[in-house]
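Read from first to last, the chains carry the letters A, B and C; within each, the first residue is number 1.
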Amino acid sequence: MKNFTSVYDIDNLQDTIAKALEIKEKPLENPTKGKGKTIGLVFLNSSLRTRLSSQIAAQNLGLNVLILNAAQEAWNLEFADGTVMDGNTVEHVKDAIEVLNQYCDIIAVRCFAGMKSKEDDVKESILSQFLKYAKVPVVSLESATRHPLQSLADCITITENWKEKRKPKVVLTWAPHIKPIAHAVANSFTEWMQQMDVDFVITNPEGYDLDKKFTKDTPVIHNQDEALKDADFVYVKNWSSFDDYAAMPKVEGEWMLTNEKLENTHQAKVMHCLPVRRNLELSDEVMDGDHSIIYQQAKNRIFSAQTVFSDILDNLNKD
Amino acid sequence: MKNFTSVYDIDNLQDTIAKALEIKEKPLENPTKGKGKTIGLVFLNSSLRTRLSSQIAAQNLGLNVLILNAAQEAWNLEFADGTVMDGNTVEHVKDAIEVLNQYCDIIAVRCFAGMKSKEDDVKESILSQFLKYAKVPVVSLESATRHPLQSLADCITITENWKEKRKPKVVLTWAPHIKPIAHAVANSFTEWMQQMDVDFVITNPEGYDLDKKFTKDTPVIHNQDEALKDADFVYVKNWSSFDDYAAMPKVEGEWMLTNEKLENTHQAKVMHCLPVRRNLELSDEVMDGDHSIIYQQAKNRIFSAQTVFSDILDNLNKD
Amino acid sequence: MKNFTSVYDIDNLQDTIAKALEIKEKPLENPTKGKGKTIGLVFLNSSLRTRLSSQIAAQNLGLNVLILNAAQEAWNLEFADGTVMDGNTVEHVKDAIEVLNQYCDIIAVRCFAGMKSKEDDVKESILSQFLKYAKVPVVSLESATRHPLQSLADCITITENWKEKRKPKVVLTWAPHIKPIAHAVANSFTEWMQQMDVDFVITNPEGYDLDKKFTKDTPVIHNQDEALKDADFVYVKNWSSFDDYAAMPKVEGEWMLTNEKLENTHQAKVMHCLPVRRNLELSDEVMDGDHSIIYQQAKNRIFSAQTVFSDILDNLNKD
């Protein structure tokens, strides 16, 4: 692959998962694949798992790693084209990207949704500039509408936890929060589940339907109990309204995931991308109980990143 | 050793110091001992010496190093158990630790005393969670009540500077400051001196006695001149009141260490953990004079960290 | 060379440029020259290019790299000598430097002009302390009055872009800005151009003449059109008043560089050290057009740093 910003950059998802599981078996098998090459990890937002797992993945492949906390360490970036830069912004993002082109063989970037302008977020106003101006491969470390390295880790985790012949039922359930949260993880998980051999449904309160561009034909059920019935995997995640962008319409009923709610599932495994707000999104008992495969997901972030970096390096080394 | 958070994690202090001095002789003797292993350095507080010396120590052993400035780079952590996370905290520390378990072979953490709640600080409310939830070895980079890597460096430095047969007299003297400072360095130095073959006394103004749990039978003298008499080593450090927690009761007399005060010592060597406030804790003339072995202490931070990491790796590699 | 803080630390500029171009051809030719040695990159200010290019240069030579964002990660530094540190500063810069001496084989530091006190900036109040107290080589990553790694990269870039026999005409032109900017890049470029085999002139509005200590006999022309005539290279840069220190006297006419202004040059190549404020210092059409060699300058920052580090290592290894 050249870039990695969504599931559509993957040729064959099953092969990719198989590759990731091989890498998980022997993560240090190719310690010089990235030798003499440099990956730049650019953070426009906070990060724990992505920051650390990407570094480990890169080190496992022998890549040099440059980390840039752009806002704190470098310059306040301008994103608008053609503007007269006589305000607070010091460097245009396209100039920063062009400099990264000079310094890096791969550019990875985290650029969350601003949650201010629906139009800007939907059109990926930041990531799109990286894709436009980068001359080296670009990896999304979560963008306004997608979090593909998380989703690949989610697919790896589901695969590891499903040994039956029948298709598993996977439910993405909305959870409560106290502030408007982006749609990236939910959109992305939806897209990847649509490519997996699973029965996939989404459940969220009225007013919280995700962008139809991502949900497509996936059933969206507004009754959480009904959706959870017979689930094998339950993915917990909050998001704000898409239609009334970033609003938090009033919600009827209790949506926090509890052990009680898991009772009418098939002993479902519980997933979450982290960070999670305990006793708001899900209860302590779920988080700390046997249902949770949440930390396994976190661990698999190493192998999703390593699989992607490895594939990009294969491509670069071919040239 | 498994964890390293106090002198009680050391089997034999003399052997450990001897080992550290060997490492100081040949720091690059074991460049692959940590190969394929990762240490996570987690900073909840500022750091210069600890940050840099730990990195050098880890690199000398071939460890991969991940640095996390938790507050600035990742998420605002919750420390209370069972709480409904509907406030400003985004991730529970136990989830962050469990993720670090997935990514690291050793977790090192700096978590200062908050100096707000005596109870929280005394019970090591943060470090204790690391010890509870970490499944890999934990190294303290200074916690609420102790700074053991500093103390080990202090022991190395005293050993290097004492060639006589008789026991040296070591004095820990309180010094002035402008704000309430934690007890960690003073407590820790006290604990380690109690294990060393030295005559050890503490001097501080009335109202500033350290926690009896640490001082035990060590003499505490409220007259600085009397305490300094015939000293061979003088360790300068400020701390706030323990009894009236974090208060700064009015102090009689001059406590800043000066050359004049050193006159009735045995040409005592002067120590400080740094950072030091010049002309408040000690005078320029002391800091820049021949008595000071303060920078040597700073250098020995590399070898105290390398000795500890090396011992932990031996243990891990044995498994 | 021992230290690198200005062009006067270079023996022979032509040889140094030739060396840099060799390194650019084969940057990974000496991957163990820095083995077992450590460079500390200390940032007292923001940095993108310097931060990343210095890391790459160091890694290419096998140096261990320690990065310290001093203000955010360590302690608030005191710079005044002899002061009673009873205010906001926690560690004296000379103690921090002495600790860096213990930990590093090379210290590189970025310390911008404060733009408050002309006297402090002119006497390099921060860099001078590094030069005074460091016992290992010091590299400037931009100081109050100079930016020598940028200037060396500029010389490399001009050399790469000039194949004619005659001397090129190089013009340093002032550009508009919205706040008082330091003189370091302009001073430094001036000093280096005076050592190059070029015809060099400076153009700026009345009231913006640089420090005579740097401009010496270089012609300073207050009419931009006249200065640009027949230029082969145009270096764009803002700076504030030197005489009326850090003031921004009212400027007559338009000084932003545009394609129209380039028309009476010899198809001049346009240079800028970045970050640049588009449509304020120069127009989008210039920045994105064929005249610009600005990104090539940015790339050459790697090789200017690597040339300097390499030379310093040769010196260290000789000892």
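One rule holds for everything that comes next: a contact is a pair of C-beta atoms (placed from the backbone, for glycine too) under 8 Å apart; a residue touches a chain by one contact, two chains touch by 3 or more.
None of the values given here were measured: they were computed from a predicted structure.
Trainee: On C-alpha atoms only, rotate chain A onto chain B and read off the angle in steps of 5 degrees.
Mentor: 120
Trainee: Same or different: at the chain A/chain C interface, is the fraction of residue numbers used by both copies above or below half?
Mentor: Different residues, largely: of all residue numbers at this interface, under half are found in both copies.
Trainee: From the C-alpha centre of chain A to that of chain C, how far is it in Å?
Mentor: One centre to the other, that is 39 Å.
Trainee: Can you tell me which residues of chain C touch two or more of the remaining chains?
Mentor: Only 72 qualify.
Trainee: Note which residues of chain C are touching chain A in the complex, please.
Mentor: 28, 43, 46-49, 51-53, 55-56, 59, 69, 72, 178, 274-280, 284, 287, 295, 298-299, 302
Trainee: Taking the touch rule as given, give the residues of chain B at its contact with chain A in the complex, in rising order.
Mentor: Answer in residue numbers: 36, 38, 40, 64, 66, 68, 70, 72-75, 78, 82-87, 90-92, 95-96, 98-103.
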